[in-house]
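Two complexes come next, and they have one chain in common, chain A, joined by chain B in the first and chain C in the second.
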Partner chain A sequence: MSIRSILTLLGPFLALVVVYCIFGAMKPAMFTSDVALNVLTQTVIVATAAIGMTLIIISGGIDLSVGSIIAMASVAAATLVTEGYPPLIVFGGTIAFGALCGIVNGGLTVGLRLMPFIVTLGTMQIFRGGAKVYSHGTPVNLPFDTTTYKAWMGGSGLPYGVWMMAALVIIMTLVLRFTRFGRYVYAIGSNENTATLCGVNVGRIKMMVYSLGGALAGLSAVMVMAKTNQGDPTTAMGMELNIIAAVVIGGASLSGGEGTVIGALIGALLMTTIQNGCNMNGIPTATTEVIAGVIIVIAVIIDRLRHRRAA
Partner chain B sequence: MSRDPLPRLQMRGIRKTFGSTIALGRVDLEILPGEVHALVGENGAGKSTLMKVLSGAHSPDEGEMFFNGEPYRPRNPLEARARGVGMIYQELSIAPHLTVEENIVLGMEPVMGPFIDRKEMRRRALEALARFEHPDLRPDMRAGDLSVSAQQLIEIGRSLAMGCKVLVFDEPTSSLAQKDIERLFLLIDRLREQGISIIYISHFLEEVKRLASRLTVLRDGSVVGTLDVASASTDEIVSLMVGRSVEDLYPRTARTPGETILEIRKLAGASKPVSADLSLRRGEVIGIAGLVGSGRTEFLRALFGLDRVRSGEIVMAGKPGNASPRERWRQGMGMLSENRKEEGLALNLSIADNVTLTCLERFGSAGTVSPTKQQAATQSWIDRLGIKCQGPTQKIGSLSGGNQQKAAFARLLEHDVDILLLDEPTRGIDIAAKARIYEAINEAVTDPKRPRAVILISSYLPELFGTCDRIAVMSQGRLTRAVPVGNLTPEDVMRVATGKADDLPGSSS
Partner chain C sequence: MKASLSLALVAALALVSCKESGSNGKLTIAVIPKGTTHLYWKSVEAGANKAAAEFGVNVTFIGPQKEDDRSQQIDLVRNQALQSDAIVLAPLDATALRDAVKDVTDKGKPVVIIDSALADSSSFITSYVATDNREGGRIGARRLAEILGGKGKVAVLRYLQGSASTDHREEGFLEEIKKFPGIEVVSAEQYAGATATQAQDTATNLLTRFAEGDGLSIQGIFCSNQTNTYGMLQALRGKNLAGKVKFVGFDCDATFLDALKKGELHGTVLQDPVNMGYLGVKSAIDKIKGTAVQPVVDTGATMVTPENMADAKVAALIKTQVQ
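Moving on to the complex of A and B:
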């Protein structure tokens, strides 16, 4: 890893440490392992989806429908559980379902050469509405005796979800840096024409990126279900914005060609820290939203300054 | 120099450093009223920095400037324009959604109370446009609908409407077609007659000779000479620019054409080319001359699979058929785009990523890529082509144009293609980089083990005559036979390119 990319990560990482310490100074309980564990666990849902979003954004695209995919997939996951399917089928089925949604996004973007912003603005409504239609607008609750999924987002010690998040971050970092697919994703985002000229199958790579984004949203949906014991068609409202914010705070450029998965994880952790820290200090939700918004704007400004200096 | 007319503009002892780099070391420049003064020099010689100082974008560390004899020290480009120094950059700054007149008065709109004074705006725009004698350009047109050359006029009009007496043109012809270039030259002549001083920056010495009365050569941040254009020879100017006498810019060792590896019959694209026949042999360079827009680029794009082929046949190394760019690379054909920024390079990726993008599969197994191997391969091209950079991981966008182009060329060499399609490979780059690319072309076609073949598009006839073995001309989508350069004169080529003749003279080869 070059010094430059370490510097890019260092910014958000320092921000995370500083913000965490500020809240810690106000409320020393922030430094207990319980709270730290809580922050990590709460980050899993956003971070998992943000990993997929990172790939989409690096390739020069965007997916506004990710929150809706999570909602719809969580309904699907809960339905599979209530039908009595084993965890393997529930995980596999929900991930495949998310991937399918991603294929719809990718297919419209690539096949019809539409702007991903507009396409996913539309599918955001379609998926959300679809989830509500299917579940008649009410959550699908897991049976009371279901305990299989508890350990993913809670229980004692590090939940499985945190391990999964860490593994995903490592795997996707390696994929982006050390595989042809990863290098093509950066090349397409940096200059699609160059990628075409150089013989990269741009359409296929984009399809892979969007379906991978959908698949990770599906996995995120299983975590939502594990946490809430239900599949709720109204869950993850507006979460797409938190997910995109995490990616951008982590140093990705919305014009493509730049970004890292570790950055996105740090961005997601920062968002959770703010929420938790405000919560523990008794700061009202409305104020928390303002603070989170300010942090996003600051992240964008820093990004801007960094680019200006580099230019 | 006669002191008689008061200089319009004087720059004295201008010095500018960036950190430890001396961009300008005490530069003097004097511009007279109503003269076209050319500023030439290799990339990095300090031309842009000097002009940025003049336009107020940079403030000099030392030195003083006078405008019409009065001290002049602009703090920003807007102030410089208000004082009478306007810049016409290579990259136009036009707001495409606004009209011509709105663009002309942009930033200094006449107002009546809180509202734009539309009548006054129209008057000023018409006044500026009147100087162009260009009846097709009306104030209410949408700027984005106009051609690049018309947009350039808007930009010039903007400076004129402000009453600028000095206009700086930075490589103004790089994005213009031939007929628009001629039109621009006539306009510059006219502006000069109206007493406006023009500083003209260009890589093309032909343009300089056509337009300028004097020229100043910059090298390594210093003025190495100011010459009267009429009495200066091209060789003299070039040797001042590069700091050594001009050896042969176009190296050419003995070439022996081998087997035919590309056969093109009656190729037609979506709109252009209409019809192109060509057969290319190993060990030769075929040049394609023609005006911008004649279908030269479209010919290469169709051949390479970037654009649709309507009809015709392509036989590559014995295998017929059309192919995608991906398949072409696999067959051993590579293309260098004329448009480095838009298409040729992924600017925010590293040099290594750009050089190896077409053949990542060679740098690891099972879909993996080893950055170390990528960098090692790239480093060898950096050394061999003399790419000035910090190393293979540097972002390619931060290199100079000439070094970017060398890296784009290295992509074809790294892929080790048999056929190199080169579209304007030396446009807008400095002479040293050009020389290096000509050398690399010659090395490729004279490789004793496996001589490559090259198709070279160029608008610059000396380059075609210097590097090619045969030349074909594209005119309105039709490609002539390729004729050995020995049987041709530049006039023959121009006659066909401009439609004054149908075919090149001489025997077919």
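Moving on to the complex of A and C:
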């Protein structure tokens, strides 16, 4: 890693440590393993989807439909479980379902040369509505005796979901740094025309990015189902904004060409830490919202200042 | 130009077809719930449809997609006022919906408020048909005090800021629990949020705050509606604490019944949504026909416990809310 990219990561990481320590100074219980476990577990859903969103944002795109994909895929996952399919099919099927949603986004964006912001604003409604139509607007509950998925988001020790999140961050970091695909994603986000002139198949890479984003949203949906024991068509409403915020706090640029997966993870952890820290200190919910917003704005301001200096 | 012309044509056609659908001479009453996902609202719909069949009116049941989208509900009220003879509304917010409702009643169309109160509205609304939510909260407090033997620390997980019905339940609970000097409320400042997933996170964090060894430093928990009761139950199960703390909730679904049987939930307050939908529509019809209407109608609240859930009357009530 170059000095510059380490510095980019250091900013959000320091913010995370400082915020965590401030809450910890107010309430030492913040440093117990129970709270750390809550923070990690409650980050899984946003972080898993944020990994996919990072790729999309680096490539210069955006996906506003990710919350809706999670909701629709969680209904699909819960339906597969109630139909009696084994975990392998549930995971595979739901991830494939998410990927399919991503292909729709990518296809419309690439094939018809539409703005991803507008396309995904539309598909956000389509997917959300589709989930409600399919489930008649009510959550699909898992059978009560289902314990197969409990260990993914709960149980004793570190849930599998947390390991999965860590593994995904490592894998995608390596993919972005060391594969041709990864370099192309940055190249397209930096300058699409130059990338085309250099012989990059821009359309194909973009399709891959959007379908990967959808697949990870599908995986995130399985985690939602594992956590709540249901597939709820109204879940993750507005979560796309948390996911995008995590990516941007982590140092990504909404104009493309910049960003890291580990940064997105840190951004997601920062937001969960604020939620936890405020709750642990008995800070009323409304105040918590203000604090979360202020910290996001500060993080972005610091990031811009650093960029200006670097430029 | 061509595109905008054809768009206008489509819009005009849509308008015409809308107009035609409602004009078969019957009264049309719009029922606007807070949301459409909870089974609870489907029971309200069932009650409204029962009244529709009994009194020969049309009922349009249409709600916002998300249980905290006030702006969409205001739009619904204004739109439905154009094509209905009366509106039965469960307001998402005690004050945000007030102007929209007042505009409708000023134009001479009756509005019946169900489920949650509308602030300072008794002068213009037809009737307020709802569970006495404060009483529901008090019933919950008495049940929790009873199973705690009158002593211990309790936490209240609130639902959503600005939701009058749950505010009243929480206040009713807090008022009544004060009458038990041995019981201390250690937290009542956390709001769960609109979805079950958010509620589960808030509940998990709250439980962590009161963790003590393998157990909890609190002995009792109260939640004020289906969403936060579900979230709390999932959080308790996730931390293997279900059954180790006395837990009284509100509303009902199949999961709650399972939890009642397993001793993880020790009581839940049930409203009567079918009756609410039925009496809401009936009050609107009475007003249009000029019959006298009570300004406040209580639809009742019942405490369901593991002991009484098999009783015929309670079982029938449960059936209105659980498939």
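The definition used in the following text is that the second predicted complex is superposed on the first by the 311 of 311 C-alpha atoms of A that agree within 3 Å, B and C clash if a C-alpha of one lies under 4 Å from a C-alpha of the other, contacts with A are read in each partner's own complex, and residues count from 1 in each chain.
Rule of thumb we're sticking to: a residue touches a chain if its C-beta (ideal position, glycine included) is under 8 Å from a C-beta of that chain, and two chains touch if they have at least 3 such contacts.
None of the values given here were measured: they were computed from a predicted structure.
*Asks:* Please determine, from the superposition on chain A, whether chain B and chain C clash or fit.
*Replies:* Here chain B and chain C can both sit on chain A without a clash.
*Asks:* Considering only C-alpha centres, what angle arises at chain A between the directions to chain B and chain C, nearest 10 degrees?
*Replies:* Reported to the nearest 10, the angle reads 130 degrees.
*Asks:* Applying the document's definition of touching, compare chain B and chain C: which contacts more of chain A?
*Replies:* C
*Asks:* In the superposed arrangement, does A:Gly154 touch chain B (first), chain C (second), both or neither?
*Replies:* second
*Asks:* Is A:Thr82 touching anything from chain B or chain C once the two structures are fitted on A? First, second, both or neither.
*Replies:* Neither partner.
*Asks:* According to the stated criteria, A:Ala195 is in contact with first (chain B), second (chain C), both, or neither; which is it?
*Replies:* Only chain B; A:Ala195 stays clear of chain C.
*Asks:* Check the residue A:Thr146 against both partner chains and state whether it touches chain B (first), chain C (second), both, or neither.
*Replies:* After superposing on A, A:Thr146 lies clear of both chain B and chain C.
*Asks:* Superposed on chain A, how close does chain B come to chain C by Cα atoms? Whole Å, please.
*Replies:* 21
*Asks:* What residues on chain A does chain C touch that chain B touches too?
*Replies:* In the superposed arrangement, which is not itself an observed complex, chain A uses no residue for both chain B and chain C.
*Asks:* Using the touch definition up top, name the residues of chain B that touch chain A in the complex.
*Replies:* Residues in contact with chain A: 306, 324-330, 335, 337, 342-349, 353-354, 357-358, 360-361, 364, 367-371, 393, 395, 398, 411.
*Asks:* For the complex, which residues does chain A have touching chain C?
*Replies:* Residue positions touching the partner: 29, 32, 34-35, 38, 42, 45, 128, 132, 137-139, 141, 144, 150, 153-156, 224, 227-230, 232-237, 275-276, 279-280, 282-286.
*Asks:* Quick one: which bits of chain A touch chain B in the complex? Just the residue numbers, please.
*Replies:* Interface residues on the chain A side: 2, 177-184, 186-187, 190-191, 193-201, 257-258, 310.
*Asks:* Quick one: in the complex, what on chain C touches chain A?
*Replies:* On the chain C side, the touching residues are 35-39, 42, 65-67, 158, 161, 187, 189-191, 193-197, 200-202, 204-206, 208-209, 211, 234, 237-240, 253-255, 258.
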